[in-house]
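These notes concern the structure reproduced below.
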């Protein structure tokens, strides 16, 4: 349902993405890994239009991002995103963070929005923090609220940009658990991460990127046990101590 | 429609052009001289604002607050009209009659003191933005306090402070225009002098505007070059 | 030299106070008008449309390189020409101040909005909010907390700037003091009095604003 066709992107003279091609089917969980600067976050952000690209196209459920007639806002209702630094709105409580978009974009009634928000908070395990401000929440809690916020618009696809990189080690598990449950419920997920444990458990496919290109693809077993390329092997050696 | 005859030639006719040039030269002199004094005073007061020695700190804080909360024009009038009254009459007369261009130097005093209080603030905030750990790192390698200030703190602080100090430098040039009220023959004064003779106020004032615009552009590009030469990568965030 | 004689202040007190009133009136008009125009200019400076961005940028940068005195003179000459007849110094001073100070407010507003991290914008967009919703619910509320101290400081500066209307003869506080001085020549007492009054007002305003800042604290 997501087709990435020959996408290339330059920042000035520097090429960030180089003819990237990939197809992602419904309910697939894809993990993208690679060294910093390899373009993985940028690629993720091209999928919901947060980053533009000069060449190629991204087609989601038949809708092309290059098409000037495409309504980007409408498309974004189908795609949720979770950021490395959580990016919760600091001036709103957890519940308000979650209900903002449903209220203003889907024009949901306030009671309905609040109920759905509470249900989502339960699902990610922090219903008791509903009325707290992000400043009073731990990193792990904030990220779980961020996941709930992304799920509030009932998306078909969830994008995760290094969701645990900014977390203290003891909080990584609580966030990964939420993500694993989400994967098992059949959500289509594209996750940029270094957490290979997560990848081994739920990923259907692992993509290794370097310098803007997809160097290697594989199912988790084949990738971890027998990386085909040297660069992938180097990378895995460095992160799997 | 507009019952006004424009006569832009007042800007380059003699003697008006000569007046303007004299005015521009006075503006430049006034600005540069005041800036030198303002910097010296400002660095002293600013450093006092951050010493651990409490009495100095309080005096410096009072100085800064006082001169920032009174309009510059009021301060100028005080130095020009009021302060000489404290002096014995003979000194006062000497000041007004014998000293050439007394009003120029009185403006330098007023402008320097006012600007120094603002410079002191910039210095203070520049110094405070250098983290304590920098000091610790320097001291832990065996440098004395003095060496640390000379080789680490002050060079770093200067680079951080160049953008806000550039703003102050520009401001002092703009503030020289206040000297016209006490009869200093600088740019703004001259433009109004031309107006008095030719009744072409709009043209004369526009001419003066262009002068200040050129001064500003020159200072900004000059400071930009200075910043590039001294730049420390990653220290001053740039970008839109 | 003679001794201090504050009788001159007492005798002319009501005259001086009427000057102070004019100062307050001019300041209030300058601050409110400047703020409104400044918001428009600030938003224009953030626009991605070149025909909005470039004129606004040129305008703001041009005015910020000029001394206020000159801008006051310029409008003093321009306004009667446009209107066809003299319109009074308070009016041309008001217009000059509003236009001039708006450029300073515009920069404060632009900087305040740009200080909000890009990630907030991206997070809002990723939940399908549009530009207006993102600005209105996410960016501006956060930016306000950053902007208000600078806006208050600028207002204190405007209050002091009103003294420059002296040059076109407007009878604000400084001018009234100077008129009394030319009549009575008790310069020391008069200018000391002016200085003290300005100081008390401005110091109070900036102390109150610092206290407000500390109370509200910061979000991040």
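Letters A, B and C mark the chains as written, and numbering starts fresh at 1 in each.
Keep in mind that, in the parts below, a contact is a pair of C-beta atoms (placed from the backbone, for glycine too) under 8 Å apart; a residue touches a chain by one contact, two chains touch by 3 or more.
In this text, all values refer to a predicted model and were calculated from it rather than measured experimentally.
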Most distant chain from chain B, judged by the mean position of its C-alpha atoms: A
Two chains sharing the most C-beta contacts: B-C
Between chain C and chain A, distance of the C-alpha-averaged centres to the nearest whole Å: 46
Separation of chain B from chain C, taking each centre as the mean of its C-alpha atoms, in whole Å: 20
Whole-Å separation of chain centres (CA-atom averages), chain A against chain B: 53
Interface residues, chain A side, partner chain C - complex: 45, 48-50, 73-74, 76-77, 79-81, 83, 85, 87-91, 100-101, 104-105, 135, 146, 149-150, 152-153, 159
Chain C residues touching chain B - in the complex, by the definition given at the top: 1, 62, 65-70, 73-74, 76-78, 81-82, 84, 114, 156, 160-161, 163-164, 166-167, 174, 178, 181, 187-188, 190-192, 194-195, 198-199, 202-203, 206
Sites on chain B touched by chain C in the complex: 2-4, 65-66, 68-75, 77-78, 81-83, 85-86, 88-89, 170, 174-178, 180-181, 188, 191-192, 195, 201-202, 205-206, 208-209, 212-213, 215-217, 240
Residues of chain C that touch chain A when the two form their complex: 117, 119-120, 122-130, 133, 137-138, 141-142, 145, 219-220
